[in-house]
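Some structures to go through are shown next.
Each of the next two complexes has chain A plus one other chain: chain B in the first, chain C in the second.
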Partner chain A sequence: MGSSRSSLSLVPDGQQLLQETGFSAAHLLRLHERFRFLDKHGRGHLRSEDLEAELSLNPIGDRIVGAFFQPGQEAVDFPSFVRVLAHFRPMEKNRTCAAVQPERANSRNRKLKFAFQLYDRDRDGKISRTELLQVLREMLGLQVTEEQLQSIAERGIQEADLDRDDAICFDEFRKSLEKVNIDQKMSVRFLE
Partner chain B sequence: MENLGCVAGPIFQLWMFMVVFIVLPAMFGLSLGVTEVYIQVLVKILEWATLRIQRGRQEQPSAPVLLHTGIIERVGGSMEEEMWQLRCSRPEAVVAFCLSDGVYFCKKGLESIVEDQVTQRFSSEELASWNLLTRTNQNFHYISLRLTIIWGLGVFVRYCILLPLRIALASIGLSWLVIGTCVVGFLPESSAKNWLSELVHLTCYRICARGLSATIHYHNKRENRPQKGGICVANHTTPIDVVILANDGCYAMVGQTHGGLLGILQKSMVRSCPHVWFERSEMKDRNAVTRRLRHHIAAKTKLPILIFPEGTCVNNTSVMMFKKGSFEVGGTIYPVAIKYDHRFGDAFWNSSKYSMLSYLMRTMTSWAIVVNVWYLPPMSIQDGEDAAQFANRVKSVIAHQGGLLDLAWDGELKRGKVKDSLKEEQQKMYSNIIVGQNNIRTK
Partner chain C sequence: MATRGRSGFGRSLPEQGLLLLAILVLLDGTVMTLEAEVSSETDTHEGKNNITKKLFPVLGIKYEEVSIPFEISLWVLLASLMKLGFHLIPRLSNVVPESCLLITVGLLVGGILKLTRDEVPPVLSDQIFFLCLLPPIILDAGYFLPIRPFVENIGTILMFAVVGTLWNAFFVGGLIYAVCQLAQDNYSKINLSDIGILPCLLFGSIISAVDPVAVLAVFEEIHINELLHILVFGESLLNDAVTVVLYHLFEEFMDSGSMSAVDAMLGLISFLIVALGGVLVGAFYGILAAFTSRFTSRTRVIEPLFVFLYSYMAYLSAEVFHLSGIMSLIACGAVMRPYVEANISHKSHTTIKYFLKMWSSVSETLIFIFLGVATVEGEHQWDWIFITATLILCLVARVIGVVGLTFIINHFRIVKLTTKDQFIIAYGGLRGAIAFSLGFILHSDHKKIFLTAIITVIFFTVFVQGMTIKPLVELLAVKKKQETKRSINEEIHTRFLDHLLTGIEDVCGHYGHHHWKNKLNRFNKRYVKKMLIAGDRYREPQLIAFYHKLEMKQAIQMVESGGGSKLNSSFPSTVSMQNLQPKVQSPTSAQPAERALPQLTKGREEEIRQILRTNLQKTRQRLQSYNRHTLVVDPDEEGFDNLILKKRRMMEMDYKLKKMTNYLSVPRPQGSPTMSRARMASDSQAYVKPGAKGVPTIQIDLASPQSPESVRLLNEVRQDQGLTMSLPSSSSRAYKTGGKDDSRDQKLLRCLSDPGPSADEDEDDDEDEPIPT
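For the complex of A and B:
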């Protein structure tokens, strides 16, 4: 059993992922272990049912699983898995102006974009009223009536839709969440 | 050949002497202090080994230690607290839906993908130090010659000296149980019979405990020991829990009837004092089970029943959901917390990974078993409380005493999928936050 550096070679695209995502070697190994655990049939990639099993408790579990798969794709390999998880790395402190470097996956903007796409399922850049109703129905289940659902969605749109086009675009979404501490609320911290 | 005979003779005599030396005091519940000395020596050696490894690690900084005790930090409170925090940045929209609500579920979902709280409870706890058993250290790499020699010596001691001794003791203990209970079973019902039966059971379990080099510390023995007519409830880590608890008192066991060796054991045990063994078909019928248990408790002279409500073995870092069946029977519940010291050997039985036999082999070739047992004050169901709530109450008391995490997860989850009702619970909680208050507001 060697040190972790040599084990990194067992991880597909290990070195590249190190640089691209900013995960440390130890974390990458950990995620790889987790990936292999989720891959119950040893296929080398994950299908949506493998991930859904972990999310059966979550009302919007299907959407979260959907975020891992590109449109039309049915399998996600380890590098893609890690790239999605990279959005949830805690933000680095004291970063210099990001204009020069390519935007990291865990920047505030990218995190918000991830959350936005959970709502905006058809990826047309706007959260329409229908999409909002769908998400609300998932989060509330059978606990509210259709009327209550409509009024909640109505209020939601009125609050956020600033240009009155009956849909919420990404900028309006971002404005709506501008006071939220996204780093804390959308990051998963590894224990050292 | 003759030389071998010459050597084998004295060795055999020595061995028999050692066996008797251990069995006799065990039968009378006396301790000669040998185990204490053994444990102390062991602790010194293991501390030395740990220091050696730490020094070795410092010289090789490129080898990070990965611990399995959870890889991500889970902070944050309940759904309500988190939602409130997400919104209190916008005080004017306190109730009603906010776009930031989705962020809560998103984060929870990602946390579950990276690590779920159930699976890690069913793999063995990884040690931060090394107890000279390679099986517990997955990151072992060569540190020094001295350490390897000590480890080699350890292997020899464990497999060639301790193992045969322990097997002998265990066989003596179990055969004594079968013979003893059979004999006692012939006596007519009387208090003498009960006393004898208790003696037989106790001595057998004490011998078995010696057979595992078990050091058990009982706390609160005098005040809270389970009484007749009650139900004793404990967290479950290994089948050895039964031996640990029965060392200090007599219990009526509950379980399924088995065939083979275990079946013989069960049949003979029931001859001397009433245990509750169920046929497989009976176990499915919950009412039948509850009735029999009630019947047993109602006769106040019968021994307290021992039940493990988790229903399955958990790795002793946490307590999983208690099945409410045992709490519906009525009667007083005597909670007991059991915590194993992991420095000396991993007692957890991972039934999906090891069969019973290989588990016993592993346990008998570990150094020792050091356990803390806390007897907790008796509890009964309160008015307005249902069985599930009562079960949770008992569970948190046990978890608190044993220093274990109190989890709401069902131990059976390791076998099957999560029920849909859990998702509904999440939806209910969320709707209470948004809609529950909306009904009060006039707008």
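For the complex of A and C:
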């Protein structure tokens, strides 16, 4: 542990991040290396271009990039980087600590919240029809017509919107995904 | 329990069922006996007639010409009637799984045949089994294999199939050899220590394989959750390769009497060839089938035949080269399915589905009956030590194997396997007819005792484990299969999460699961789909296809629920797609010009109209005669609520759409030839209200077309009192918000809302889903 602890000191806020996110020291170091790799100009923080280079082919790439940045910020430092990725750790099985500790980053709720925020770009707490439409347009792109997208978006809202306010709030979002195994769908094994 | 008054004989239905069964068994036995006698009679007649001039035979019996097809048909008929009979007796089929009952029937029939004829036809010869009975079952399993859970768990499945089976084979084989050597001679009739190590290993390899037929038969009835089902079932399918290799390996070296390390290495290489070769052969035929189906748009009638033929060829080709036929068949079915389904018509799809189900069901029934018959027929040698040792070793090996492997596998899995899961996996390791057939074709000195032991193990697993697994599942409260359908939201969000995960993996620089899946999808979309899917459909993304399916179902649902409402939400999408003048350049609209309109091909549009039309025509009869097999509306109030809400939403959306006249560049209803064809074709049962602008509407006439007053439209009531019917207004607004509460109609509708046997619907959704890309 000695060697890793000394290299851990190179990582800003290393100890605190360990506790907060639940990553192991080895993982944290690996992520730090990756961070430095992405940070091509050695600035110590990442800008959106650095991330976009990796996500160019991804239909929702710009949303994912946007999720790393706090609103208004243009740079993301290592702790924020790690905190975002902490959402994708596989969930642990021990339920005894759940009540004691504050909710971990990789709990089901937090994962869903993260996904929800990707949809809800204007951060008003609801996914409106236009936002859903935008997502569909990005995913399906040029392959479908506008009318089809509208119909799908309409149907999606109809199905999920229980309080009939024409938008999907977080609870409705969560309810519509209750049968999906979020742990499997939103975890990257690499980060265990 | 049926009422006493119904049947004229005063007997209740279950008793009738039992009587039917008994009669059938006797009948079959007597026919077989009769056949033997008749054939001998005709021979003697021939001899006599050579001498005298014979009179013209007015009536004659020529049985031997049709004897083989006749016998086959009789067996199949017996099997089907048995199946029918069991389902008439609900209590019995709840307690005892079908496979047990069928084996019992087989034993009975075999017993009768033995008594009457002193010999039993060798019905479970390996030819019949491997070439005729097994392929339909495996094809059915492979074609409808749920790809996503299978691929997600492929690592686990392979571990269980390969390592687990190897472990089982060597454990059982080795220890039974040890037992044989240690057994004292005065307890057994035969000299157990004569059995060499290689025959023991051969025996072990035969008996260690989990059997897909038995697993299917038993697991089908317990409705366990998808993960466990796919684990055990996938294992039973994939261990065929291991079994084939081990069997051939040990059989080869049994003659030479010894095995060296080089042979073991060759065995390993052979395994890889067998497995991969089988898969490649299957994939090759699958691609051929997909390619062929691209051109079948004019000969829809023989489309199902291609699917069956190519699959069977894949199986036979693999068997020629001693590759794994089962894996080939699975690969063929799984590879061809997404492409074929995109190409063939709806009817062909239904035909394929039902033919496969029918054949596999009959095959399964026959296999179990024949197993019973063959048990009676075979020569047995009972040895307490050997057989009990085998049984115990099999069970122990399975448990240790599963526990050990799970321990290793859980390190690599995100969703770990719990103890309960492990128990079910271990308990679900049933042996079946494959083991029997392999034992049957053995050329060993100790064939009899091996065969007896195999049959005992099979019987034990099928009877004891098969019967008790259901109560155990209940007792342990294992998660059951989720019955509900996927919503469009789930589909959208799942795909969104897929993209998200791929992105995160890219950010982390990790070439994980999602990365490769994404690459495969992209390859698939760019090259493969273009080649194998006819027309423009290859461009249609998964989500759209799913959405179409949902809309179609909803349209049918609405019509069946007595819906006289505008089929609105389905039509904007379908109508806009049958845009006859393609949108070339619309500089005024905001849409980008390069968006090519995927034209709804005539075939698809025809199908949608067909479905709606046939349902329209049937609606009249349905309302008058309550038929519980055809209705799909939810019984609970919430379901109705949703339906009403949906309809209201669609109405509102329609109002909005009507305002935006330049939104849809849809030709007016009168001008659209397809729409007017739809109108004409449905004759008097549908007419379009003239003067409706924008979205064309179809209003459905449910009653007889005699008078305009009898035209009824379904209406909604604001207070959500349920669906009611009311007379139409003469104004252009086709709806009234208040309706007269016709209590009789309401009661009828509530009656109609019984969903009836829902197994069909569930099957539809689970299996119709093509590969999620």
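Quick note on the criterion: the second predicted complex is superposed on the first by the 185 of 192 C-alpha atoms of A that agree within 3 Å, B and C clash if a C-alpha of one lies under 4 Å from a C-alpha of the other, contacts with A are read in each partner's own complex, and residues count from 1 in each chain.
What we mean here is this: a residue touches a chain if its C-beta (ideal position, glycine included) is under 8 Å from a C-beta of that chain, and two chains touch if they have at least 3 such contacts.
Please read all numbers here as calculations on a predicted model, not as lab measurements.
Check chain A with both chain B and chain C modelled on it and let me know: fit or clash.
On the superposed model, which is not a single observed complex, chain B and chain C clash.
Please indicate which partner A:Q148 is in contact with in the superposed arrangement: first for chain B, second for chain C, both, or neither.
After superposition on chain A, A:Q148 lies in contact with both partners, chain B and chain C.
Should A:E49 be classified as contacting the first partner (chain B), the second (chain C), both, or neither?
In the superposed model, A:E49 contacts neither chain B nor chain C.
Give one of first, second, both or neither to describe whether A:Q158 is in contact with chain B, with chain C, with both, or with none.
It touches chain C, and chain B stays clear.
In the superposed arrangement, does A:N58 touch chain B (first), chain C (second), both or neither?
both
Name the contact category of A:L140: first (chain B only), second (chain C only), both, or neither.
A:L140: touches chain B and chain C.
Contacts for A:L31 in the overlay, against chain B (first) and chain C (second): which applies, first, second, both or neither?
Both partners, chain B and chain C.
After lining up the shared chain so the two structures overlap, which partner does A:V180 touch, if you call chain B first and chain C second: first, second, both or neither?
In the superposition, A:V180 contacts both chain B and chain C.
Which listed stretch of chain B (114-122, 276-284 or 294-302) steric-clashes with chain C in the superposition?
Of the candidate stretches of chain B, chain C runs into 114-122.
Same chain A residues contacting chain B and chain C, which ones?
Residues 31, 34, 37-38, 51, 54-55, 58-61, 64, 85, 88, 115, 118-119, 135-136, 139-140, 142-144, 148, 152, 155-156, 159-160, 173, 176-177, 179-181, 185-191, which sit in both footprints.
Please output the residues of chain A touching chain B within their complex, sorted ascending.
Touching chain B: residues 1-5, 25-26, 29-31, 34, 37-38, 51, 53-61, 64, 85, 88, 114-115, 118-119, 135-136, 139-144, 148, 152-153, 155-156, 159-160, 168, 173, 176-177, 179-182, 185-191 of chain A.
With touch defined as at the start, can you tell me which chain C residues reach chain A in the complex?
Of all residues in chain C, those touching chain A are 152, 414-416, 482, 484, 487-490, 492-510, 512-513, 539-541, 543-544, 547, 550-551, 569, 572-573, 576-577, 591-592, 594-598, 645-646, 649, 653, 664.
So in the complex, the part of chain A that touches chain C is made up of which residues?
Residues 31, 34, 37-38, 51, 54-55, 58-61, 64, 85, 88, 90, 93, 115, 118-119, 132, 135-136, 139-140, 142-148, 150-152, 154-156, 158-160, 164, 173, 176-177, 179-181, 183-191.
Which of the residues in chain B end up touching chain A in this complex?
60, 62-64, 66-67, 69-73, 75, 82, 85-86, 89-90, 93, 96-116, 119, 138-141, 417-418, 420, 422-424, 426-428, 430-431, 434-435, 438
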